[in-house]
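The next part holds the structures, each set out as structure tokens.
You will see two complexes here that share chain A, one where it goes with chain B and one where it goes with chain C.
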Partner chain A sequence: MAAEATLASPVRRAKALCRHCNLVVPPGLIDPARDDQFCCHGCETAYSIIHTCGLERYYELRQQLDDRAPAPGTDRTYNDFDDDTFRRLHTRQIGPLTRCELFLHGVHCSACLWLIERLPRMVKGLVEARLDLRRGIVDLAWDDRVVKLSQIARTLASIGYPPQPARDRKSRAHRVAEDRRQLTRLAAAGAIAGNVMLFALALYAGIFDAMDPSHRTMFRWMSMVLTVIALVWPGAVFFKSSWVAIRTRTPHIDVPIALALGAGGLWSVFTTIKGSGEIYFDTVSVLVFALLAGRFFQSRQQRASADDVELLFSLTPSSARRVEGDATRDVPIESLQPGDLVQVLAGDSLPCDGEVDSGDSLVDESLLSGESRPVRVTTGDRVAAGTLNISAELFVRVQTVGESTRVGQLMRLVADGTQRKAPIVRFADVVGAWFTLGMLALAALTLGLWLWLDPLHAVDHAVALLVVTCPCALGLATPIVITIATGRAARRGMLIKGGDVIQSLSKPGVMILDKTGTLTTGGLSLVAWHGDDSVRALVHAVESTSTHPVAKALARDLTDPHAAPVRVTSTNQILGRGIEAVAAGQRVVIGSLSFVSTLARVTLEHADLARRWAAEGITPILVAVDGVSVALAALGDGVRPEARATLDELRRRGWQLHIASGDHQDVVTRVGSTLGFTLEDCLGGLSPEAKLALVERSKASLDPRSGRRLVMVGDGVNDAAALAAADVGIAVHGGAEASLAACDVYLSRPGIGSILELFDGCGRSMHVIRRNLWVSLFYNTTAAAIAVAGLLNPLIAAIVMPISSLSALAVSLKSRTFADHRSQSVLDPGSRS
Partner chain B sequence: MTPLIAGIFVASLLGSLHCAGMCGAFLALAVTPDEESRVGKASLHVAYNAGRLCSYTTLGLVAGLVGRSLDLGGEMVGVQRAAAIGASLIMIGFGLIAVARAQGYSIRRLHPPRALQAAVQKAYAAAGAWSPLGRAYAIGLLTTALPCGWLYAFVLTAAGTGDPLSGALAMAAFWLGTLPVMAALGVGLQSLFGPMRRHLPMATALLLVIVGVISLAGRVRHMRESAAISEVFCHGG
Partner chain C sequence: MSVLFIVVPLAVLLAAGGVLAFAWAARTGQFDDVDTPAERMLHDE
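The block that comes next holds the complex of A and B.
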């Protein structure tokens, strides 16, 4: 098998990567004559097979994993990160290094993790970059003498993760500490359970092969010591919480759990000291561990959603361009003072409330007001923080910054709403209350029965009953069902923040829907066309030359791939009025009624229609060709394609639907009527405060015992307070990510299309929870019957308890709550990973 | 025997990044469930790797048989352990050529027959039409049909054992070494190994030499021992 060798002196060649496996090709195998290099025959063959099978997409996928395509870089300088105020607020000095935590946008997989943690090799002076993938927060440590934070931030932005300061460091440090405490408790409980199980195994084995009595006593004492530790340290949470439940007379699942643990533990201690009788240390310690584990996963899940509050900060920018003399400088908004002058470029959010000092532009205030049309502002007009400057540069005189701005006040309302929300009594807790009563009654019965039959073993049997009826399947399986359901829902793009939501959404109730961005697309689009169709291509060509939002919407919606291209020779645009151009040799004027009528003759019919449309809340745009009006286009906020079908299905299921919008009443009525709402169900012109009041009024009118809940669906900041006040607030994608903070469910897909899927999943999850209840009830009644009959010994308890929990667990894991997320197929060229 | 099996396992484990690069695409094809099927990813992984195991051990068995017949033939002309020594030497030779290539010396490759390549392509295309589980298993089986130098170096070692069972065992050890990387593939593992990749050609080349040396040393010791035993017998008798 001798290869034909042509030994030449080693040549330094350019590095090459194998086309197939992406590993380095040995320099001796590089063939300069070929485009594709391979490291071996295997790879060459594999490459040709992949090609003949039509699977080239594999390389594309792998490429995405290997080097995540750099996202379009921003031109932000991040110079404000070097500002003294910023440094004081967000960084700390540890020895020669400076540390800072930054929240990164767009972090979502282990490839991001790998890329970001490799950053120290790309940026000189950066010593460490640790990413918490779940929270999207990177912890940086760097040498300030070598590199500035702004430079690190620019690098992060250039690879597609624009950073912003993580502001609530203190509250998070607290949460991290709490997490750590929980984990320590869990680990301790696990270690104890494992050891006690070993002793128990030895003891059970000793039943059969006559064990030395001194060994037996030693094992019993050792398991006692360990179990007592488990009960007073990790297990103490159950006793504390049931004590609170008893004092406040609120039913809680922890009460029967604590009862079982306490009875089993105490009685076993007693029998151990006495030297004879049954012990339940193994069952008790395993219960403590299993229950703590269930609880830990549940709280982790909820924590993950709570952290999304970070997104709130994406609402207002973290920096501003302050005008200082002739130049502008990036400064953090914390250092802005009333009276400062800031420059706001087109496309930026406003950093503060203030007055326009100079400039003329359109501002999108839909976040605050729900108004779908951009508002024109000019010198002297008031503008609000968080709104978006659309078309031209503005200079704004700062009046208020931070919490005292309009958006800041709205956020305070949101926070209040979250606290005011009535606690929904949890399903398992209610069942747990009945459980406790039943158990106690049965235990009393057993005690009485056996005091009469065999007084020596009466307490033994009663304790056995209490231990074996511990509702751990309920205490464990319910959180697991909820955790799995929320996890699966999250992968389907539905972020559910708490278990109570699942219960609330499993039955139909009353739903209040926001209009802008929820039922409609939230942007301008062509909603009507009247007149000559042949000029559509002409309008498209002319409007394509402009960047004005109206022009952009027209150009987008009039695109016709089959139309022949039209040549536009000269254009003249008048801001806020219209455009005049020569296209295909014809003079074309497009714009508002007043603008077009000064330059061309407008027919009576067109003028009438334009006025009627304007009255209905849609924007009429006239088109005149060669001096005569020929067509009329209407721009408005288009209804989402899936809205009608979804709403009809909701009505069929028994939901009562209303629209509440900040937009003009006429607009709301028009949209409502196309979606099947009656006139009185369409409420327009509502301020955020009025929406809040509406939600509270509707909520109060519902009977809490009927199981009917008030659901608010919205997207903008103007909905945030109402979202927080509703029984369940559902925020939809597209508007302010800030409403995330206020809502209970966040749908990452635009529109209300996924609401049905959400409700179906919640219904199925509740079904599984109920089924778990029946499973555990079955086990518990069987075991209770055995215990009452006096036949239960610790061995049977140790076998039955885990089986009951495990079967409930298995049922939960296998059941379909939300559709399981299938991995994306390599074979399917249409799907994107 | 044990040092050789251990050596194969360690070499395979360290060099398995190559397998990940080369077979990653096929693995992805094998473990992609159909839209409507209810087969889980885990079972597909199991089927694929089971296919590989069957294919490897069969190859090892056959190689062992060939080695055995070489040994028998060698003994007839008075050469002891012909297969083992031959295989070890070829293996070391392979390794040295690979080291030279990694150093930049140009040594031409032997081309596998075109017909084989075409047959393998057809087989893959056919497997693509099967049910997910069958497809995963078949793609696993077909792994050995790729002309992979790394794999065949170990098949050579298996032949060197001169015993079908040991040959199968040697290939099973090789399979076990590739298992961690192949099982973990699909989570962007390629990226995680980033810095290691640069030195892979040299590393695998050296590993080949080492396994060859272990194999040769084992044989030589074995020969000495059997020589010693026969001496005892001669003198004792």
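The block that comes next holds the complex of A and C.
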């Protein structure tokens, strides 16, 4: 702890970034007396204007925008876009033109639209470029004889919109078709509801004013024809889903709705044919329309969030560099064959499982295994798809690709987990079951009562009761609450893929957190320093000469703008061990304990501390100057700054927290203890399958009726199966493609800070849904009392139903679920209201 | 008042025409993207 304290102040000084533009401030301009530093006079003036006007939130907001739009490298050749496999998968030929949809990164606004749609003027042979601004998808049409897709892609990348193929063309086409059908059904239901209401108005007017019986019959028959169409076409969804619910004996809100629609519809058809008696066609057709509209908006909003997540994961590279003779060629991953040789540059992720043919590098396997320390690989070692090559170029002989790779197998576990996951019995569905029972009991009571009082009108009154007790306020307002909450959450960087999440997260339960990349930053950073501070500059200078990840981390975290530049004359780097150099006239040796002790005298104190740190799971780096060890640095996976406060708040609210990591047990224990976990809550060394088993075991131990749910938070491929199996899987910023596909919620801000905000929002949304239930119940019991008394006629039903729906709707729209604007601190109590 | 027997079904037929037109528009993808055209028209030269 003492070592960490000495570290704190130089690191803060090291980040002498301009307050306004975030660039590094030149050493000469730093004013040690001030808190804020500026790189130039212009920035200082701009800052003082913004500051004096009290608009400092600008900087906060800007920070978030930066987080959301990282600019990926644009040095790709995109030659893989011309490959036959790519063409077969992603393009289609229409006449002389070829068409293809590409996801574009970095599309924000109207100016992007203008620029991208002017592309045909820049690229000869490109005929049309149409952008879908919200989804960031451009639809291109070009003449293949004039221009290649790779050239169009390069042009797009050069103007700042790196393209990627939209992954799954078939399923997207299927989804679009389903969307269109839904919209058509909604339109039909709306038109029918409007027309039937007009007829009903004429009929109600006829109650008070004499109406020609032939006209009355005509209006009744017209209403009947239209309503029957509404019930068998758009309204069929309610009957289908309640039939499924009855067959599987699960409660569902659609059962009482279908009961009301069915009873009202059938009885009205009967009375129309009979020629006398009440009809409820107007109420029934309006119900169908209103309920469909609520569901339509909900599915649209959830689709939008799911699209955003999909966009994120389609941005992961999908090409490989195949060695063909003396040259390399970019090809899509799909066209790789076992036996091919691929080149993997430093910084690229591996496209396949295979064996290293030549090269010597470090590989970051943290997304696959949770292991935070990079692994050294050399000729003959096995490497896995989805891991990241960090230090040097590798040539890899392909062994397996696609489904049979380790990642592919894990993806299959994800698919299984998603299928096996039993749907959560939603609050509205539970209420729906009680509604059904209540409605049937009251209807039986009414029927019995009136069979005794007035047998001629008994069925009439019972049907009136069934129609008027339909829980439409609940059925309409619940989707609207979820729609609004999901939309607002998405604007604040929390992408919710399913409505059930809101209910599951509204009460504290059990949470299993991944360590690497979730609680920690996932990369190497300086976590401790012991010894002579004056050699920091020396170490920084020496390590700056190397590209090794350890050297890079040290150089980054020891940057000190105040220090005078140090001249490094000769360096000798031994991969995996350390570096030896002459800096400022002194002989400096930096490296592992074994390396430094062969070249210099290591004091007993330093050797002891190094061994102790190694045992704790952090990597000790010794520094020796002129033959004697003088300082000790430790590199580890640093804990995220907001993690402790967030976890403490979660504990206070009653969440039970556990860490599950693929990293070594001692590393997990060390990180866990700094975050307030007890020893038995820190589980290390877990394979993806073990994580999955842990989640399933913990889930089984929770009583489903208690409302306590199992939440899994993670980012890696190794978490994906567990994310899919948990009641709610939350993937955090920077996660692997597999985890994005498996999760229910994706947090686009780094770290777990926004979890609290997510939980608050879900809690408030559930509160609003419950309030809707009371509004609904109030109207329904009032109406039921009138119906049992036999005083209800279709006119009263037609007035009561919309009022109840509208009032529930008004309550929902006015409610605060997720805060409506960005960038309030999640830990700021003011953001909770 | 027997004119109602012609006018009312006619009105319903007109409404059906509207629904069919909407279905055609939805099927040809005219509602797939409702945000971009609003922006695009600002740039037409």
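As a working rule, the second predicted complex is superposed on the first by the 681 of 833 C-alpha atoms of A that agree within 3 Å, B and C clash if a C-alpha of one lies under 4 Å from a C-alpha of the other, contacts with A are read in each partner's own complex, and residues count from 1 in each chain.
The rule we apply is simple: a contact is a pair of C-beta atoms (placed from the backbone, for glycine too) under 8 Å apart; a residue touches a chain by one contact, two chains touch by 3 or more.
It should be emphasised that the depicted structure is a prediction, and the values quoted were computed from it without experimental measurement.
S.K.: Pick one for A:612: touches chain B only (first), chain C only (second), both, or neither.
M.R.: neither
S.K.: What is the contact status of A:41 with respect to chain B (first) and chain C (second): first, second, both, or neither?
M.R.: Only chain B; A:41 stays clear of chain C.
S.K.: Of the two partner chains, chain B (first) and chain C (second), which one does A:697 touch, if any: first, second, both, or neither?
M.R.: A:697: touches no partner chain.
S.K.: Looking at the overlay, what does A:88 touch: chain B (first), chain C (second), both, or neither?
M.R.: Neither: A:88 stays clear of chain B and chain C.
S.K.: Pick one for A:222: touches chain B only (first), chain C only (second), both, or neither.
M.R.: A:222: touches chain C, not chain B.
S.K.: Between chain B and chain C, whom does A:653 touch in the aligned arrangement: first, second, both, or neither?
M.R.: After superposing on A, A:653 lies clear of both chain B and chain C.
S.K.: Tell me which partner A:179 touches in the superposition: chain B (first), chain C (second), both or neither.
M.R.: second
S.K.: Is it chain B or chain C that touches the larger share of residues in chain A?
M.R.: B
S.K.: Under the contact definition given at the top, report the residues of chain A touching chain B in one complex and chain C in the other.
M.R.: In chain A, residues 110, 114 are touched by chain B and also by chain C.
S.K.: In the complex of these two chains, what residues of chain C are touching chain A?
M.R.: 1, 4-5, 8-9, 11-12, 15-16, 18-19, 22-23, 26-27, 29, 31-33, 35-36, 39-40, 42-43
S.K.: Inside the complex, what are the residues of chain A that reach chain C?
M.R.: Interface residues on the chain A side: 110, 113-114, 117, 131-135, 176, 179-180, 183-184, 187-188, 191, 194-195, 199, 212, 215, 218-219, 222, 226.
S.K.: So in the complex, which bits of chain B are touching chain A?
M.R.: Where chain B meets chain A, its residues are 17-18, 20-26, 28-29, 32-35, 41, 90, 93, 97-98, 100-112, 117, 120-121, 124-125, 128, 146-151, 187-188, 190-192, 194, 197-198, 200-201, 205.
S.K.: Which residues of chain A touch chain B in their complex?
M.R.: 1-13, 18, 20-29, 39-43, 45-46, 48-50, 52-53, 55, 58, 61-62, 65-66, 109-111, 114, 118, 822-823, 825-828
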